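Okay, so subunit A shows up in both of these, paired with subunit B first and subunit C after.
Right, the complex of A and B next:
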């Protein structure tokens, strides 16, 4: 069997050849800070960070068939870990922040996952939501430790040992942007390998038919837990990158509506494809930024988009592009 | 030598004794048919042996070891595989993926998450070979959810076969398939398992299929074993004829040919 056939064999996988888009996209992303204004670069940075979180989230939704409504716990967990490291350990290194957040979210997701993966469907979703709300209430109520609704300040960190430059905007729109881009590239590559590994295939088998998966010898609960932990770590890394960019870790990223935003961006891009969550996260970030600037009723606008999305583009942006491309191919 | 032996195996659902203290033996290398009307306890017996259900009492010996308390996972590792009455496939994955998963699982490779599945040539060559044997190789890259019903039944068997089991349960391998398609499916399945030296238990409603393809027939009725013998012996057994087959020796009238309901 040829490698092409293998690559094309899974439905969660490119029917449009996304490989050819990697180089042009990389060039655009690398050139972006010199082309667009700093404000746009910051929005793009937020988008890339959200994309890392959505990639982690979609390992559960798209590949394992589990819809989590509690991923704010890991995003917020990552961000608060950074804030705690700044406040209590006086650490300023971004690499240590990433390592610390990944470790903290690994522990957190083992704990949450141990409870949640015993269930599927709505029960899984509600459990993740409930547990994330516990974390939110802790952040909200333990004022002395977490700063309550004021949150905790997170200063600009050192990147690979280099102290931040004095112009904060310039630092964030250049050095920090490239740092986020590098972490994003590593995360995307890692996730791509994971979903195309034998383990990734096993997750898709569990998604498609858990009884059959069990009867070919896949330990479904264990695999779901591993997927849950990987998912939590990715989303935690996203939270860690977000904290210095936002300058503040506050409870609004722990609340369940933020979990809803992660679901939204993944559905917007299309959860049946690998690149869907990435496209969705960037698109959602721009959409929200402009909606907030455009009207005070921005939630209403986003809600309308979500309804329209489900009705018109059930397979998301990437799914729609794939359909158009296959229609184009048939026509020509 | 008995590959599988159950001792006084019992399972009740409420007042219904689905499997009632059954001693069921399967010899190494035979092709055995397990028959009986709907509700006779055939599928429950398979569910007990494969580990899908825990028994109320009794013992299950497999390949000389007591597996009664073992999980389904351990029994699969020990060599018990099964197909399903209602096809159970990984619909969004390709046919090749469906088979490759069994191979990855058999070789303990499904826990690998830093290598690409596509790079393991030996696995894909074997998956291709299995699909070719089952006449499904043209569907290699096609999602399993999109192929025809008869082919889905074959793929279901192929998934279990790719685990290279010692004992294979086929739960109505031809259910829902047109009469004309049944024989070709059974020809393929029996020739493959015979050449692989796999011991097979076929649950079947269609008496023509049973008498044509099996070496031994076990008849279940109301949770117990009613008869056990060669196809000819069972066919001549008056008790079986009156209880199950009714007046029509082919059994079509009494069994309705294809049974969808659980038994």
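Right, the complex of A and C next:
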């Protein structure tokens, strides 16, 4: 065996090529509403929405090395933007909702990001948490504007100009599902392009070695701010899609423990890979849905999963699959 | 004038309970560099255990004087729980990036929240017999519950005791040395693992004590831990993570702002607290008393 072959076989990096799974996954996702029952389709819709949010979140954690504990601000910000557009502007178009939420979250994340990216590590986490809690306490206390703990109702929107059908369940499980799937596909593609662009490579350089990155001329703070804003917009779009599906924007999605759930799902899937957050978000959504239906002690169940994950599976589901695959390859 | 005095007493009351929680949180961060998200739940655990012990004693017909002596049971339970958590779940993570430690304590938060619900059920537990037993004192023309003065006294005593413990004992020297440079302390013969478990247990003891001491005046309810944690966060961020003087100053500031906020600007009281925390972080990232 030549040296090159040895080097190639022991090459570090993804051992599973996820590219080949795109087509089968897409076929499965497209066929899903006709195969599984509407309840399952709705759960999958929630999962895909969470995946958009987790993809945005992971641009910070996985690619820039910043752990935000305040992404509920953007998810909730997106959802409340939709609720406000319904309540005060009488808008019903989903496209306008998406545009409005993206814009609102862009502004919000520029404001938050400008403050937060001066710091890294634990201080970054605490600062994002504190700022997101400001929004939560405002939504919680300004009853007349935000409905307080009751939240604000969000009716089913019009999709590409078409009014929603009368059967709400059917509408959500079919048309709305495909709408979410399309937005998800666009977001995933966009994020893939971003992390593989020179900009994405620069972020990874900052993550791996801040000082070296600065030496080769990367303007660290500006790059972090841009990553923060992109991350906020993605999570805000997820929040906007979530609002009509849930029918209600409430302070539950602004409180800091919801940020913890976003971190949870990303780590569950594995934050070192591109597909990790997607897998993690869908898996987490199913896990939570069934845990809540199964027992009142669902937090105990999820907490135990998280503790076990941290102890024995720190690379998440995708990382574990990669390890298994590489072991299997070596054995054969 | 008496109204002002009552406001001041209330502010001190908040500050005392907050110092017990935030002081422990800050101590743990200072020594171990772990931000314990489950800290509020240990405070809740202390409250539930204390209320439960008092309830059992009441059924057994214990005299009122004994009830007060049962309150420390909450603190001891929280300390034992903390020691167990450090030994089994946190120790394997010290070599990993801090994200994992944060996630571990977040998982523990979820677990403890539901364990409390599992053991004591969804209804609040109260120990108001003690509160009522203390009666009230008169301040000018108003009456003020005497038990609140006890809470303030415990807070002051805890602060003084901790200060003496950390700055005047041999253990305190070792604790500070480990906090400043773990590897150097280890090279000089300090058993770092033992210091860690002691610091974590002490921090949890303080949280449990906080819960136990406030439970006679406000019953133990589900969710009290998470609520307390976010306030403790604000305290340590303002004062400086890892600094006890900071926790004391932060607790006083938050106590005063809360008391003023509830009467003057109730709608934005919480938002103001978070904004103060954010501004302190911006001006002095390490907090008022912290070192970077």
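By definition in this document, the second predicted complex is superposed on the first by the 317 of 332 C-alpha atoms of A that agree within 3 Å, B and C clash if a C-alpha of one lies under 4 Å from a C-alpha of the other, contacts with A are read in each partner's own complex, and residues count from 1 in each chain.
As a working rule, a contact is a pair of C-beta atoms (placed from the backbone, for glycine too) under 8 Å apart; a residue touches a chain by one contact, two chains touch by 3 or more.
What you are looking at is a predicted structure, and each value in this text was computed from that prediction instead of being measured.
By the touch criterion stated above, A:45 is placed in contact with neither subunit B nor subunit C.
By the touch criterion stated above, A:250 is placed in contact with neither subunit B nor subunit C.
In the superposed pair of complexes, A:219 makes contact with subunit B only, with no contact to subunit C. Contacts of A:198 after superposition: subunit B is touched, whereas subunit C is not reached.
Overlaid on A, the two complexes show subunit B and subunit C touching no common residue of subunit A. Residue ranges on subunit A touching subunit C, taken from their complex, read 61, 67, 69, 115, 118-119, 121-123, 125-127, 129-131, 133-134, 137-138, 140-142, 256-257, 260, 263-264, 267, 296-300, 302-307, 309-311, 314. Those residues of subunit A whose C-beta lies close enough to touch subunit B in the complex are 1, 3, 5-12, 193-194, 196-202, 204-205, 207-209, 211-219, 223, 226, 230. Residues of subunit C that touch subunit A in their complex: 33, 35, 37, 89, 92-93, 96, 98-100, 102-104, 106-111, 113-115, 117-118, 226, 230, 233-234, 237, 241, 266-271, 274-275, 277-278, 281-282, 285. Across the interface of their complex, subunit A is touched by residues 50, 52, 72-73, 76-77, 81-82, 84, 88-94, 96-97, 100-102, 104-106, 109-120, 124-125, 127-128, 140-141, 143, 159-160, 163 of subunit B.
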